[in-house]
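I've put the structures underneath this note.
Two complexes, one shared chain (chain A), two partners (chain B, chain C).
This part shows the complex of A and B:
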């Protein structure tokens, strides 16, 4: 009995840390509608700064708590600087575009932290005055855990008072419910956004700083927490702080007990819980419909077929690509295969996001299922290359049929989060199911057939599959199916009123996008000769998002430009020291120069040139 | 003349509020019928039951003998009911003619076609529909650039794409300038006069109602309190009592007429 009680207390202590970071994320989303990937970075930086400060004041109780608060305030200020210099300039960019910027910030912070504090994990001192354990029902409980258990509700109460008893808090709640209305009432939105961002960053920094006595400070802290923090925010309901608290307790306590029964479950449990909650409550436990939507967007321009000049340029580019293996070195040929794979992946994601209006944070799931499907077909079923390359996308289609059925019941950020949950669950299964998937070691020996094993021959196989896939998706975008899908995105009411089964149509769109992502995965698997769980991972899903958003979500050419730029720049910078910093900086520059993406930027440039000539 | 629509004992309550109670009416072929009543009278609730967005607690609706109740909106559309919205709903990222083409594509059951070019399908039919509402000159414009009155006319063209037997128009002239209102309803009346479609519409503007409706139904607190032609409704003391609280507008209008 005592043991279980101790487990419960551990769960509650974890819940407090999780709540701090998630509440900040929820406030930022609620007010600004920014999906802030940099929130994990704020948490990490908070921990590092607190580590330095606590080490300076070692041993004093007062010093410890002052350090923690100071670290949180510094992070709050960092948040302010980021809001003022970057985010403020791109609030009017298409929805979710800000996410790209925050991802750039993540990369920059990773290398900045590395440069300042070094690569080694840092073990902070115990909290003075709370450094021993007390026995409760016979079990030793760290005193610091008890302090954390108290801090969670105290912070919740403080936020509640702030939101209900101050004018500012009322405005924040109003903005969470209806941002336009608050603007119409003459509230200075810029100031409100900055303040919300500072408060959110402060809470993330506080969460990080409070972790010092509990765990080593490391460079992995940012991405290890962000997934779970999103889950908590979504389960609680976007923008609901008390929802975040309930969700944090729910997840942490369930996790504390679940690992006793089935230790492997901890990496997927939060996502499973999120999936279940979203299926029954599409806006989270305390969320309201409408709290998911951002500012109304400018409608897209009608689609137009390429004019003759662009078509000629495209044909010329394709021709150059097709004959490139003849005059380039092998490593360039391999790089071109990577570009084609990434482009097909990005185009398939764009079909879902841009054409279908369904944002996915977990599109890599279908890429990975395709890759694993092919690899396992080779390994267990003895398939040859071509049959395996057909088998992979079929697996991806089946996975998309299953997960898509749930996802299309939701919309907006909630839909995105459910796709993320689906991807994480698939990733967890792949990672844990050692005997079947090879776990972390992956599946090796997925080589092309003998006749196709030369890099230059495989290039042409990849060319046929990828360019064929991209062409097919483009064709689909112009087909009645694609047009109706766009129509549903524009107005579900109208689509329903002209006899469309909107949910089924979106489901099929999801499946089509998943199938082509699977095709990209298959080409990828045979080009690398192996598959690993990271082909289904969050990182790849985010890469896909960056490609689509950076390229320009409103143009069919966007994902092609985005993927090309992404892979080529990444290939170039990863050879440099501190490449993350450089890559992040490049992303930020593109974001600030072209808030409508690369495609939009080029269009404006061309128009400018024409105007100049005239 | 045969009945296109037969509504029998239609009732709907929300919690304790009886929004619509025992509504009962017929719509004849080629009829242009107005459903009027003060705010909260139950007009929109009635409409939403006819087009499948709400399920009534009791009653039946039949369109040319087919029962409508229990089918989802898209099924009801397929059975031959078109509709326009109080707040226009169109596909803003498409051109005017593409909007009409979408309705035609759906009508011809081509929505899962992955290989044709959507913009090349049913162009002539779409242009004919646009001509019907005098929008053919704006066919290539982006729908997001249209003036509000033009959006309403576009909606009318979309709603007629599948040659419906019944057209439901929920406050078709809301948000329009007075001159535009009469023009839109005159256009609708013309289309009705050509035959093939019968219309039920709700409306607040009495000028529009009296100018065009063949017959008027008056709802109050969920119940039908009167029905008849314009002049019958004008002089109906019960309507004057509940609809305008005994005001004198109707009498003034009668005097004009």
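This part shows the complex of A and C:
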């Protein structure tokens, strides 16, 4: 009995840590609708600053707690600076575009932290006065765990009081429900947004600072927490702080007990819980309908068909690409294959997000299933290259059929998070099932057939599949099916009213996008010769998302531009020292100059030039 | 819309033209080595490694290079992604004119590059990855590995662990290939030496995401006599802290893989456990002439003590230099012939060879216990374990490899 009680306490202590970071994320999303990737970075920086301050004041109880608070405040100020200089300028950008800016911030913080604090993990002191364990029912429980168990509910209470007993809190809640209305009533939204962002950053910094007595401060802290923090926010319901608390407790306590029975489960447990919750409660445990929507925005301009002249230019450009291997070096063709793969992947994601209106945080799942499908067909079924290249996308279609059926029942960020859960579960299975998928060691030896093994020959295979895929998706966007999808995106109610089965069409849109992502995965697998679980990982899904958003979600050319820019810039900057800083800075500059994405920016530039001439 | 597309696609199509023309002709008096590693993903381990090979290159070039040719290393960051690593390897070979590839830290990247090496027929020296698969189940003609593998290091620990009275063992290892291999090898080797031991509990925390409190409690619940630990880095710090808070290590023996390496031991500071049986690298205490010369030069150049990565980086270049000299050419076939059974006669860790049968070097590791010396964690009672003693016989090892 004592043992299980102690395990419960351990779970609750973890829950408090998780809650602190998730609460800040939830507040920021609730008010500003920003999906803040940089939240993990705030958490990490909070821990580093607290480490420095606590080390200065070694051993003093007062010093420790003051350091923790100071660190959180500094992080709050950093949040303010970021809000004022970057995010404030792009609130009117298309939905989720701010996510790209926070991604740039993540990259910059990673290198800045490395430059300031160095590469080695830093183990701070234990909390003075709370540095040993007490026995409860005969089991040793660290005193600091008990402190954490108390801090979680205290912070929850403080936030509740702030939101319910102060005018500011009332306004924040009002803004969470209806921002337009709050603005119409004469409340200064800009100020409200800044304050909410500062509060959220402060809580992230606090969460990080409070980890000092528990773990070594390391450069992996940012990315290791962010996924779980999102999961907690979504399970609880976007914007619901008490929901985040319940979700944090749920995840942490279940994990504490699950590892007694099935230790390997930790890898995917939060995502499995999230998937289950979302299937039964499409807005999370405490989320309200409508809490998933981003900022209201202008309806999209209808997509226009190309005129004859631009079609000819396009054909000419394709021709140049097609004959490029003749006059470029081997390595360039390899790089171009990477660009084409990334472009097809981004175009397929754009089909889902831009045309279908379904945001995906887990699109890499279908890319990865395609890649693995082909690799396993080669290894286990002895398929040749071309049959495997057909088999891979079929696997991706099947996976998309299965997961898509669940996902299209949701909308907005909840849909996006369910796609992420699906991707993580697939990743976990691939990672874990060593006998079948090779686990982390992946599957090797998936090289093109002998006749296609020269870089230039493979270039043409990739060209046919990728450009063909992009062309097919473009056709689909202008087909009746594409028009229906766009109709559903713009108004689901009206689409239903004219007799369209909206779910079925969205499901098919999901499957189509998944299938073409699988095709990109197949071309990728044969160009690299090996596949690893990374091909299903969050990092790749995020890269795809950044490509689509950075390119401009409202234009069919957007993902093409975004993918090209992303791959080529990355290939170039990784040659430099502190390249993440440079890459992040480039992303921020693009974001600030072109809040409608690269495609939108170029469009405005051209219109400006034309206008100037007229 | 039209204008954009035109511009975009025009730009996209023109990209292959921009400045990327066929391989640069290299000056005849340099030998280019391609190097790729996870510099941004794992700077704590790869920075000392980079310093190590930089020192070796500098020394060799100062002494006149190889047959009068200077060594030049083109080093790139793989960003922690196998696919990027392969693209970079391709560029190093086809554009930069590298005669071979070395480096990598993460096992999956090591495997990806080894498969690339096989496909493109270029020599790859896997410096740091520990995975057994690189030389055994997925070994190939073009890939050699320097660092003592997971199996070797686990066997070194098992040898010491077998001398303990402990019968009931629990294991804790990060849940990926490295952790799984390390547990499997330790179990196999220990059971061979001590058929009476039993393994009563296994914990598999996700790498870099350990829920240390719950893991410690789960281990405690099994009441083992001893614990075998494979966690490292941030996970290790959390595990040690939670474990000592909850008295997990009281009256228990612990055998811990790699924990004696300065990369992992130093960050633990005053909380480093004492009396754990570990493999590692007591960098400042090794008194052989070769090592002293290396350590002094390293201190002089970088102002810090060498770490495990440093010695691996340094030995990588020594091995490559030896191979280049033996081959007398930079031709891949000549290099492959030279690598078979290549003897590196003098290195800071002593002589080692690359076994012809499985391409594993016999570079060893140091086995000892953790202790506190002048308030700093370090290895005590250590001895050098020659890698050759912990490898299966060449015939057995050859049988582990796929037929080519």
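For the reader, a short list of remarks on this structure follows.
Everything below uses one rule, namely that the second predicted complex is superposed on the first by the 613 of 614 C-alpha atoms of A that agree within 3 Å, B and C clash if a C-alpha of one lies under 4 Å from a C-alpha of the other, contacts with A are read in each partner's own complex, and residues count from 1 in each chain.
Following the convention adopted for this analysis, a contact is a pair of C-beta atoms (placed from the backbone, for glycine too) under 8 Å apart; a residue touches a chain by one contact, two chains touch by 3 or more.
Quick caveat: nothing in here was measured; it's all calculated off a predicted structure.
After superposition onto chain A, partners chain B and chain C are found to sit side by side with no clash.
In the superposition on chain A, A:231 makes contact with neither chain B nor chain C. In the superposed model, A:13 makes contact with chain C only, not with chain B. The superposition places the C-alpha centres of chain B and chain C at an angle of 160 degrees about the C-alpha centre of chain A, rounded in steps of 10. Partner contacting the larger number of chain A residues, of chain B and chain C: C. With both structures placed on the common chain, the touch criterion links A:122 to chain C but leaves chain B unconnected.
Using the contact criterion defined above for the overlaid structures, shared-chain residue A:149 touches neither chain B nor chain C, since it reaches no partner.
Shared-chain residue A:493: touches chain B; no touch with chain C. Minimum Cα-Cα distance between chain B and chain C in the superposed model: 15 Å.
Counting contacts as defined above, chain A residues 303 meet chain B in one complex and chain C in the other.
Across the complex, chain A meets chain B through its residues 298-303, 475-476, 478-484, 486-487, 489-491, 493-501, 505, 508.
By the touch criterion given at the top, residues 1-17, 20-23, 40, 43-44, 47, 76-77, 79, 81-84, 86-87, 90-91, 94-95, 107-108, 111-112, 114-116, 118-119, 131, 133, 138, 175-178, 180, 202-206, 208-209, 211-215, 217-218, 221, 233-234, 237-238, 241-242, 245-247, 263, 266-269, 271 of chain C touch chain A in their complex. Interface residues of chain A, counted against chain C in their complex, comprise 3, 6-7, 10-11, 13-14, 110-111, 114, 119-123, 126, 132-133, 140-142, 145, 214-216, 218-221, 224, 252, 255-256, 259-260, 263-264, 266-267, 303-304, 306-307, 309-310, 313-314, 316-321, 324-325, 327-336, 338-339, 431-432, 434, 439-442, 444-445, 447, 453, 455, 524, 528-530, 532, 534-535, 539, 555-557, 560-561, 564, 568, 571, 574-575, 579-580, 599, 602-603, 606.
Only residues 51, 73-75, 77-78, 83, 85, 89-95, 98, 102-103, 105-107, 110-119, 121, 142-144, 158-159, 161-162 of chain B touch chain A when the two sit together in their complex.
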